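There are structures below to look over.
Heads up, the next two complexes both have chain A, just with different partners, chain B and then chain C.
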Partner chain A sequence: MHIDAFDQYQESDSLVHRLDPRVKVVVTALFILSNALLPDGAWAGFLIAFGLIALVAILARLELWRVVKRSFIALPFALAAVTIAFAAPGPPLFSFALGPWEFTVTVPGATRFLSILLRSLLSVQMAILLTMTTPFPDLIHAFRHLRLPHSLVAIIAFMYRYLFVLSDEALRLLRARAARTARLDDRAVGGSVLWRARVTGNMAGQLFVRSFERSDRVYNAMLARGYQGHLYTLSPHEMSGFDWAALGFFALALLALQIFARIG
Partner chain B sequence: MLAQPFFPFIPQLHIPDGFLSLAVAAIFWLLSLVFVAVGVHKVQKTFNERLIPLMGIMAAFIFAAQMLNFPVAGGTSGHLLGGALAAIVLGPWAGILVMTSVIAVQALLFQDGGLLVMGANIFNMGILTALVGYGLYRPFAASRRTVQMAAIGVAAWFSVMAAALLTSLQLWLSGTSTLNVVLPAMMGVHALIGLGEALITVAAVSFIRQARPDLMGAKQVREQGGWGWVAAGAAVTLLALLLTPFASADPDGLERVAINLGFMHAGQDAPYQLLPDYTIPFLGESPISGILAGLVGAAVVAALVVLMVHLLRRSSTLTNRRA
Partner chain C sequence: MPIVHPEAAQVSAGAEATSDNALDPILQIERLTFAYPDGRVALRDVSLTLHRGEKTALVGPNGAGKSTLMLHLNGILNAANGAVKVAGLPTSKENLPRIRGIIGLVFQNPDDQLFSPTVFEDVAFGPLHMGLPEDEVRSRVVEALSQVDMLEYQHRLSHHLSVGEKKRIAIATVLSMRPQILALDEPTAGLDPRARRRLIELLRERSETMLVSTHDLLMVRELFPRMIIMDEGRVVADGPTEELLADEPLLQAHGLELPRC
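Up next is the complex of A and B:
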């Protein structure tokens, strides 16, 4: 695996890619906050929010459809919200029978469910745009500049650095297990579920020991190179006029969106 | 992408953005920030400048360990969440830091879990699992091996159940789900997922104890966390044990309590979300039977673990003989 095997970053040289990562992080956070603040059933507001998504996607030269499709990752969770469509009191929209039960979807219930779903999809889409236009190391720099706790940001940076190394290690363990697990279709082979769980647990234990010992080696190597508990960066990451303008544009657009959704 | 095929197996505790109300999200961000801030301080004292490489690599370990799975039956598979394992092996504060990093990276890199609701996700899957996982293990850290392993199994199982319970409650308080549907569904699914978690955690800890006994001695356990964790872990477990059956048997009762305490009003944005009467016939059970069910569940986990320790011992004597 390569170091950026997990990164969703799409290399390009668009306006959005060149924005300071701080601006992108703040805009994403504001956008998600704005979605949470939109009242239920503010369809025009949701539409405008999607317009902003489309604008960013076009400026970033990304295919909007791919962003939308990837945002469906949040859909399975919508199952948890389906019940509200039946539960909220109000005039019925339609009803159907399922076995002995009769279900009635109410108008406020459907409004609530759809609003939750749209809020979630829009928020995930902006988060996807953020990771597609910003390499993860830049994101980490942005967090540092935004004054998030230094050690936590450094831990996350380290985790990202070793993510693919340890995932490789895990895949090696899985491959080794697969290579030693012969299977015949018509015969039960191997042990019980308990036995299988134990084998997997041993693999997790093995992975832990290997990771722990690797962290020892990494730490010693860092000490040998003069590490004293701080990670430094040479990248200045300075905000340009364009960065400020983009931040201002988005803040104003979201403010207008909120006002519009409340009046309209 | 390589990690993609593994995602369907990760249990749905990662709440995406949009499913929690702003108030609930904000409260849990605050709670999580307090725990994480104290955690950074405490762990820094223990590990000094070793903190960053050790915690970073351990977080990557939990991420990778979540890929390890085993087939159960009918295409489903068991796998690890890791909160209890991290807390038991590294100590509760370190466990919280590790899980916080894992949840942050999963949200930032894969959109697995939201950003505004990340505080809630960190609390459910990192802090609660450390409280319950470490709290229930700590009193038995110096006990006989069988007892200790049983304690770890029960702790891991309850850590998943507590996380599922709190997730359901957050969804309900946000006006996203009705309690009488989301609670039994979440608890039912996670009773099974927790079983996988318990078995893997026990086997992993037992492996680590054999391979690196120096990492898990009584001295380390004493240093990692005191009896406050035990009290907190026991309190959370007891609360979950009492709340789950009460809530599934009498959701309206819990709703009344929440309204009286002002939770409902704080959590929800629209008045019509106050849940109407809506009951499913087969859920009409008394709180007592629910508590009993919880205890039976814990006993089953303990029995399974004892059985597995037995298996482990047999296989290790076999290996010794062969050697």
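Up next is the complex of A and C:
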């Protein structure tokens, strides 16, 4: 009984898969930074950035459409910026009435909102490509070798290891509840909403207490094997000439993109 | 279904061999008393001595204090009263790193024992934190995984394994530290018969001193010449396994039962 939905990694032997994970993490971070720096309304720039995504997806032998589809998960978050479409001053694009209120979308407002939307979609797409082409343990190694703070990397590593254990535990709780959700012929199903809410609350509490107790046991297991407050790792990755070339290519491409978006 | 014990002769031979080492105690526990912060007394005046090479089983009902005792062996819990000495070293703060290299403690739940993303990293954790150089760590990981017959699993993710596989790898995580004592908490709990059999064969081949807490009395009879019974935090019996297992009133008094075969 496992939930593997968190594992996005797609096994393959493509050029992208073979890249050193550090290169992929750095390129992803640079790409996201570059997106954030692209000016509002630099449509050609956004198109070129999407071209880079497509290039990586093709080299990684992944279906571009699947990557795009997955990136829609960022849409609800981008909606938080929707107020900008109304708030930015400038010539009106169109107005609509909602009950007693009148809303006016301005041209600079719409431009800015669309730009934010595209930036977030592009950034999430690159992050999706990163997780689809890099096994998670390699990502953790990359973080360690890139000198991210130890405790942060440790938290990510433990989260990855125990997310599965925890979701399995939640699944077992849900099954136990389902197995005892019975019904007599002449009665309505279940109790009141309040009662159901209390059951769900208890389950969440159970899950928390179990995780808390488990963290104690895991810490003991670490102590028993010589942990003294500092995590060590082996360094299984070495940068090849190809890794450096890929890093250089992407850094230059992103630099060129920035210059182009500002001039053009 | 009857279970055959072709190794019965070897077991008694092992019992004789341990008597030769009677002068070489590797683990000494003296008058240990421990209460949890909530007031529950888990250990009451527990004393026992293990000699080098001795294979000892620790049995008793749930809540008898077996796991609590295990946690005292390498100083994870510290009793207010009593003393634990490992290879002559008292479990004081300065000695703990060395003691933890001498005692390989394997916890009951392999999901607690295996906390790294991959099998390789988990087995490497102990040697790495003992400060060994990288080449040595790698060769020890390969050695330990081969010893439990799991070498081909080194790049797998721990959460994708079966319970039996996890239990074997959990043992490899301490074998890679080359401990002198193996302290295992319920190694056969939750295993199907085939996985249990493989685990028993694995333990049979080890030469380390062993203290194994278990409810599996058939395994005790097969592997461990000496048996300690705990109940309500006390050691209530300590002696040759065959003698204690033949004492039915004793077993019954402490909620133990040897399956008939």
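Just a few scattered comments:
As a working rule, the second predicted complex is superposed on the first by the 213 of 264 C-alpha atoms of A that agree within 3 Å, B and C clash if a C-alpha of one lies under 4 Å from a C-alpha of the other, contacts with A are read in each partner's own complex, and residues count from 1 in each chain.
As a convention for this text, a residue touches a chain if its C-beta (ideal position, glycine included) is under 8 Å from a C-beta of that chain, and two chains touch if they have at least 3 such contacts.
Note that this is a predicted model, so its numbers are computed, not measured.
Within the superposed three-chain arrangement, the count of touched residues of chain A is higher for B, of the candidates chain B and chain C. In the superposition on chain A, A:181 makes contact with neither chain B nor chain C.
In the superposed pair of complexes, A:73 makes contact with chain B only, with no contact to chain C.
By the touch criterion defined above, A:222 reaches both chain B and chain C. Touch criterion met: A:198 reaches chain B, while chain C stays clear of it.
When both complexes are overlaid on chain A, the residue A:232 reaches chain C alone and has no touch with chain B.
Of the two partner chains placed around the shared chain by superposition, chain B is the only one that A:8 touches, whereas chain C remains out of contact. Once the two complexes are laid over each other on the shared chain, residue contacts for A:95 go to neither chain B nor chain C. Of the two partner chains, chain C is the only one that A:137 touches; chain B does not reach it.
Contacts of chain A with chain B, set against its contacts with chain C after fitting on chain A, overlap at residues 136, 157-158, 160-162, 165, 214, 218, 222, 227-228. Of all the residues in chain B, the ones that touch chain A in their complex are 1-3, 7, 12, 14-19, 21-22, 25, 36-37, 40, 44, 48-61, 63-65, 67-73, 78-80, 85, 89, 97, 100-102, 104-105, 107-112, 114-116, 171, 175-178, 181-182, 186, 196, 199-208, 211-212, 215, 269-270, 272-273, 275-276, 278, 304, 307-308, 311-312. Contact residues of chain C toward chain A in the complex are 71, 74, 76, 97, 100-101, 103, 105, 107, 109, 111-118, 121, 124-126, 128-130, 134, 137-138, 157-160, 173-174, 177.
Residue ranges of chain A in contact with chain C, taken from their complex: 2, 136-137, 140, 157-158, 160-162, 164-165, 214, 217-218, 220-228, 232-235.
Those residues of chain A that touch chain B in the complex are listed here as 1, 5-8, 28-29, 32-33, 35-37, 39-40, 70-71, 73-74, 76-77, 80-81, 83-84, 86-90, 108, 112, 116-124, 127-128, 131, 136, 139, 149, 151-152, 154-163, 165-167, 169-171, 173-174, 193-209, 211-212, 214-215, 218-219, 222, 227-229, 231.
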